[in-house]
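Lettered A, B, C, D, E and F in written order, each chain numbered from 1.
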Amino acid sequence: MSQVTEFNAYREKMNERILATKNKTIQKIYNVDHTTYQDGALPARTKELLGLVASMVLRCDDCIRYHIQECYRLGVTSEELYEVFGIANLVGGTIVIPHTRRAIEFWDALHAEEND
Amino acid sequence: MSQVTEFNAYREKMNERILATKNKTIQKIYNVDHTTYQDGALPARTKELLGLVASMVLRCDDCIRYHIQECYRLGVTSEELYEVFGIANLVGGTIVIPHTRRAIEFWDALHAEEND
Amino acid sequence: MSQVTEFNAYREKMNERILATKNKTIQKIYNVDHTTYQDGALPARTKELLGLVASMVLRCDDCIRYHIQECYRLGVTSEELYEVFGIANLVGGTIVIPHTRRAIEFWDALHAEEND
Amino acid sequence: MSQVTEFNAYREKMNERILATKNKTIQKIYNVDHTTYQDGALPARTKELLGLVASMVLRCDDCIRYHIQECYRLGVTSEELYEVFGIANLVGGTIVIPHTRRAIEFWDALHAEEND
Amino acid sequence: MSQVTEFNAYREKMNERILATKNKTIQKIYNVDHTTYQDGALPARTKELLGLVASMVLRCDDCIRYHIQECYRLGVTSEELYEVFGIANLVGGTIVIPHTRRAIEFWDALHAEEND
Amino acid sequence: MSQVTEFNAYREKMNERILATKNKTIQKIYNVDHTTYQDGALPARTKELLGLVASMVLRCDDCIRYHIQECYRLGVTSEELYEVFGIANLVGGTIVIPHTRRAIEFWDALHAEEND
């Protein structure tokens, strides 16, 4: 199983488990999370770049993977993505480098999967 | 080996290794760590909830697992735990979601282990 | 004007300004923020302690002040509060000390105000 | 002196002081900082939004003010800015709220200054 | 009153207030804090540099001021200090710049005070 | 394959991949990263200790491993390393403990590898 498939399978399974708790706070946060990234004054594409750079400087690999996947789905180019990586490494420092290594590996995995 | 057993085995082995360094600072921190979570003005149970929410917003999976295990041992209910998760996700943001996925998986693993 | 009055005046004024943006995401977050700290499986009092310790390890002075005020309103005792400070300083490290200095100053200001 | 003028005066004075140290690492970081936010695969405008959201989730008021000023200079609208605030509060949590209060105050100060 | 005097006066007053709580956890942390920075396998001087860089990447202005003062007392040179600043800005990112501005201002204030 | 070999192989492979993006910001950051840790007013050895403690309080396992390896190469003793661990755990809090477990495991792996 590719790392992309594995990531999505675990993510989906556990999100269901979390929502099954019926905790109101978490349900609402998931709901806001969904609507926030939709087209508004800023297009969904820009919002995913914003979600990505925020995830990178906060150094959450799973959040990075999620937003990279959304960027991929919305047609972000490699050059655009690398510039987001650049800003994340600049603002967040070299502490972001290891996360950038895993981020680009996931980006490559998304392309590899498509070509299978 | 279940993730619970694996977590505890590694934790115990490496804690012994760390204490074997005889570094005074670390020894004292381990000592304070032990006494702080005992019954005081606040009951141990509430203190473990506090340790858990702190670990969640700081996003340390191993610390989360440790405190979840202590919560389990002290009879915290699932509903109570989910409310701690809710506060952690609210204060700490969606960046806490991936840690919540792994947290609830560990909580379920603790219950599964008991039923073996 | 006491630091308590000043804190609340600025907080209230700017919260109104923020909500006047009518940004859906922020409106919903403010709404969840309100409901989350109400009585549930855990009493409101415990939830405020959780919000406080989370704010302390994330080192946000204004969030600390807000939750300290709520703790005060809900009858949390000084001994209970100090134990929350203890856990925050233990989990979050000595980097939390300066925030603890300002936290206890605010706690004392709340009591001083009452006695005016 | 308005908060905008004060912010820029201090920032400029101390940046000069820092560069006068002739520390090579810092000089290079300042240099990269300058070139990174220029038009590339992504326009400068989008890059400033990225710098802003990164500063917000990392909760650095001065960095937020700097990027808000750049956003203002590049014609970002209030609705666009509020959506960046929304994403920052969602990803970073309610711990970002106090920084959002000061951010919007600075945004308003920029407009007020123009109208003087 | 210079910013150095003001910093130390508030710090001392509130540390006394905190210790007056007699909270065991906090008392012990203050105690470990004192002994850790003394000469050991590493000299006190190097340990203060370590405390400083840790405070910078965690972005705590008061902690930075405290360690800068200790560095000053132990004869750290400006060139050495600037190299610590360099590493902090590199590892921690440009988000550390505003803290570096205030750090060098405090370093200069320490020298100015001496020359009074 | 030992964890040391595995760590270095992945690190090297992905660093090459990252530099192949030819993103100017990232290239420059990698370049500054290389020059910053060389002998200057502070010896390279002290700088690696600084890089290590910064990585520990920011809790980045890969960064910790990298700097531990450099410390090992530059002849840092175990007692010196443990004192860095002590400061990191003190300043950063018990949240650093799990990273200390993995850090000392890597330090031991470096020694084991040498003796093979």
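Here is the rule we go by: a residue touches a chain if its C-beta (ideal position, glycine included) is under 8 Å from a C-beta of that chain, and two chains touch if they have at least 3 such contacts.
Just so we're clear, the structure is a prediction, and the values are computed from it rather than from any experiment.
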| query | What is the touch distance from chain C to chain D, in steps? | reply | 1
| query | Where among C-D, B-D or A-D does the D-E interface show up again, with more than half of the contact pairs the same? | reply | C-D
| task | Would you mind checking which chain's C-alpha centre is most distant from the centre of chain A? | result | E
| request: Return the chain pair with more inter-chain C-beta contacts, choosing between B-D and A-B. | output: A-B
| Copies chain A and chain D touch; is their interface built from the same residue numbers (over half shared) or different ones? | same
| said: Quick check: how many Å separate the C-alpha centres of chain D and chain F? | reply: 31
| Per the centroid of Cα atoms for each chain, what is the distance between chain A and chain E, given in Å? | 37
| task | Determine the centre-to-centre distance between chain B and chain C, using the mean Cα coordinates as centres, and give it in whole Å. | result | 24
| remark: Two or more other chains are touched by the chain F residues 24-25, 29, 32-33, 36, 54-55, 57-58, 63, 82-83, 86-87, 89-92, 94-95
| In the complex formed with chain C, which residues of chain F make contact? | 57, 89-96
| remark: Interface with chain A, chain D side, in the complex: residues 29, 32-33, 36-37, 40-42, 46-47, 49-51, 53-58, 63, 77, 79-80, 82-84, 86-88, 90-92
| query | In the complex of these two chains, what residues of chain D are touching chain C? | reply | 59, 78, 82-83, 85-87, 89-90, 94-95, 97-98, 100-102, 104-105, 108
| field | chain D-facing residues of chain F, complex | value | 24-25, 28-29, 31-32, 35-36
| said: List the residues on chain C that touch chain D in their complex, please. | reply: 10-11, 14-15, 17-18, 21, 23-26, 29, 33, 54-55, 58, 60-63
